[in-house]
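One chain, chain A, links the two complexes that follow: it is found with chain B in the first and with chain C in the second.
Right after this comes the complex of A and B.
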């Protein structure tokens, strides 16, 4: 059984339902316009950054040179120095996350709609959270290095400050998503307000918060590796030093160290997070 | 009577049993919690030791940091507001040019990285890859590209391609390729299988299947992730100037290094405003594209 359509029939169908066969001219024009604008912007951008083929070619040659210098990676006989710097990086990321969480907890309560029902307060606090999020932790590191001096302390502050706002927002959302039923259940069994918080709210909120914390810890380990470039402690200082004095084999070694550390931390944290989410009460 | 008594006896012993089990369970859980707490406390103390961080230093440091930030605010008087603002933003034309450069860098970097990601993502998704080895290789490549920090790539590229935004764009592109490639591959893994079977049954080759069965389904999600990445890259591009890779970061770095306080706040405000505008625009486009926020899961 074939369903062949004669040419006449097809023509009639096309005339009866033109929108099925071709998209409206306006939509097509708009799409073409968008593509053209994107390409024009891309071309303009490439012109702006001066991306000439000869420059790319020369650069690639130099890059190949560098890669050859990087092999084999060598620890330069100061492996333990690097390892300690890596510890410093991890410590910065960890403390930064913890400090941010401690500060964000009360802010999160204030930002939650079901705790403070005033929408104006809520709105302005949330906007404030969003605004400060726009600044990268490296900029904070620059500022804190100037304010409190070089070293990992500035790095901890930078990570904490750049995370506080996001945490507050996430915590506020976690608190807003608390299920009323469990609270009512605990309360109807005769619990005091403190017990209600402990048994009705806390078990719902805590796993969510903890998994957010772990997730951000992963990200902070990544950003902590580079804070040293501006003098805020950690492995970044070693790396930028090696690159500055053209010690490419050691630079490659440090990059590999970063890769391994990040992979290990990611893996551990992902496992713990999966466990936490499994343990969290399912709504 | 005795019967009832016996029943009460067994149930009370069962209750006692239950109580006992309950207590042991509670005790083990309490021990585990204690262990976790001790581990956590140990980690905090250890990190404080290593990172030279302690509460008294924090108490000393915070006022200093606040003084510094407060010092960057310009002196604005109501009577001479216009002139004060003009003085505060003395370099506005130059800064705006740098801001345009920053946004342009992230745009070009996102597009170039997106193209590479698109090329690699089909090989990196387990349901589409032609064979296991290719899947493994492309996944590891993407992982490498996104794990090496952007700034490290920028340091290397500044050395190879010279100072300026070109190195920055390349760094952004490389990092973007890694992270978008992973996200695209995840989108590919969630596509509906039926169109793929359809195209294959009609005799389509592998590239045809990708083009006709996978891409049309995944395109809105691709675009959405691309926009999200663009937002992130604007922030990233703003700091690449620290290592000499172009953008507004260069001038911000200079202002901070030379203690030109009002300049710092002026540039920061510009930066915050730009990222906020871009965030809000991209967010509304993303919502129109797929109707929900990617950050909150599918």
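Right after this comes the complex of A and C.
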């Protein structure tokens, strides 16, 4: 039960601690200013891209048109060709992810403060990771398609290159979070630094790395379909071909195929990841 | 023979170890006691060189330990095996591999990268595990064992280092009385059968009295007592534990072993003890 506070008391409290009762004017003005700025920015953006209800309405009409063309989806009699292309996309994602992880492994160790305790080295390497991370795999794919030609190889390179830096950073962070006691046990037995990394650090971080790898594989299956569209082969290439020649029923079939595959992969990978932390293979 | 000559170690403002001189003849079992922060751990870590050297000299068979580096330093670490309060096993490796880490000082780097150890090393590990009644658990992951079992794995690891010296930093502070007794028994047996010097930090008086030939008392980084257990009088105890002494120094209060239980009888049945853990 609460007892009411007398008016005098209240007044005294209000005078003594005004900040408890009303926020300072400056803070309130700042909040309102921020909200107003956000809405202004949103309104300006919509105006800038010529957004209007009529355009949405027209677009919806055309979309309905397309959907009618899409139904019923059809494999165009070349189901196995699509399946093969899908496999190619999965392989592209898998290879790209694994290559990225393998390259990132030594980089991760180098980037960890507790492995190379030189802050200048650490700082420049980490900034390097961050900078290269800014380039999306789609950009890399465009570059590699020009460099090594169309096909899945360009896709693998694009995925690998765009993920190496993120992996390096994540691996470095995992390595920085290892338990010191376990490492000290190995060191106290006379292990060299490299041996300590192998037997004291690596077993601790391996499950974390594997879990990151799986998570990125999930995402890369999705990116790999997009990469196909810019020429890196696989199911994306099939899809863009069908759309280009207005074969909407086949396009719909391919889209459904992608949806199912992605869902299956996500599900499997999530299950494996949750099991991993407990039951990781000993390395 | 290990000799510490006026060693001092400071961390910033704190003097963790203050002008300590001690002599450890081979084969002795020494208990180091003292309040938290007295510098016991630091002393052991200085000997094993896990802590960087401060002032003073540490001599082992006329080699200056303080100046060792690289391969020699690692060889020295292998020779003075370390046992920790928290066991410090690699959780995700199996028991066998954890024990094999004891051979890392003499192993070549490349095979270790593939966790490849010689048949000799594996045999030594198996024998050590058997000695500590842990052979059946050899392929279990280390973190699936009980605390007492983990500490015995750590002792097995220490054993296959073929050490001249075992340094144990509060090996029983994280264990229940039964397991504590069994671990102390194991250390004592190794000390007597293999003539390995054991230097053991202990939180409690009764463990030190029960198992050690000699007790060293530390307070604020200094050695304030050095003698056999029967010369550890009430006054001596008070000088070690200081004002906090008085009531605290009641031996039953500083007990991890359940001081009034007969020690050897219970310790002879490790399986039973572990089943109860």
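As a convention for this text, the second predicted complex is superposed on the first by the 241 of 283 C-alpha atoms of A that agree within 3 Å, B and C clash if a C-alpha of one lies under 4 Å from a C-alpha of the other, contacts with A are read in each partner's own complex, and residues count from 1 in each chain.
Keep in mind that, in the parts below, a residue touches a chain if its C-beta (ideal position, glycine included) is under 8 Å from a C-beta of that chain, and two chains touch if they have at least 3 such contacts.
What you are looking at is a predicted structure, and each value in this text was computed from that prediction instead of being measured.
Asker: Is A:130 touching anything from chain B or chain C once the two structures are fitted on A? First, second, both or neither.
Answerer: A:130 sits against chain B, while chain C stays out of touch.
Asker: Report for A:207: first if it touches chain B alone, second if chain C alone, otherwise both or neither.
Answerer: second
Asker: With the two complexes superposed on chain A, say which partner A:107 touches: chain B (first), chain C (second), both, or neither.
Answerer: neither
Asker: See if chain A has more residues touched by chain B or by chain C, and give me that chain.
Answerer: It is B that touches the greater number of chain A residues.
Asker: Is A:235 touching anything from chain B or chain C once the two structures are fitted on A? First, second, both or neither.
Answerer: It touches nothing on chain B or chain C.
Asker: Taking the superposition as given, does A:198 touch the first partner, chain B, the second, chain C, both, or neither?
Answerer: Second partner only.
Asker: Of the partners chain B and chain C, which touch A:189 in the superposed model: first, second, both, neither?
Answerer: Touch status of A:189: second partner only.
Asker: Can you list the residues of chain A that meet both chain B and chain C?
Answerer: No residue of chain A touches both chain B and chain C.
Asker: Mind listing the chain C positions that touch chain A in their complex?
Answerer: 48, 50, 74-79, 81-82, 84, 86-94, 97, 101-102, 104-105, 107, 109, 112-113, 115, 141, 154, 157, 161
Asker: Give the list of chain A residues in touch with chain B in this complex.
Answerer: Touch residues, chain A against chain B: 38, 41-42, 44-46, 48-51, 55-56, 58-60, 62-63, 66, 84, 87-88, 90-92, 94-95, 98, 130-132, 134-136, 138-139, 142-144, 146-148, 151-153, 155-157, 222-223, 225-226, 229-230, 233, 239-240, 243, 255, 258-259, 262-263.
Asker: For chain A, which residues are in contact with chain C within the complex?
Answerer: Of all residues in chain A, those touching chain C are 179, 181-182, 184-192, 194-195, 198-200, 203-204, 206-207, 280, 282-283.
Asker: Would you pull the chain B residues touching chain A in the complex into a rising list?
Answerer: Result: residues 43-44, 46-53, 57, 61, 64-65, 67-69, 101, 104-105, 107-108, 111, 143-144, 147-149, 151-152, 155-157, 159-162, 164-166, 168-169, 235-236, 238-239, 242-243, 246, 249, 252-253, 256-257, 259, 264, 268, 271-272, 275-276, 279 of chain B touch chain A.
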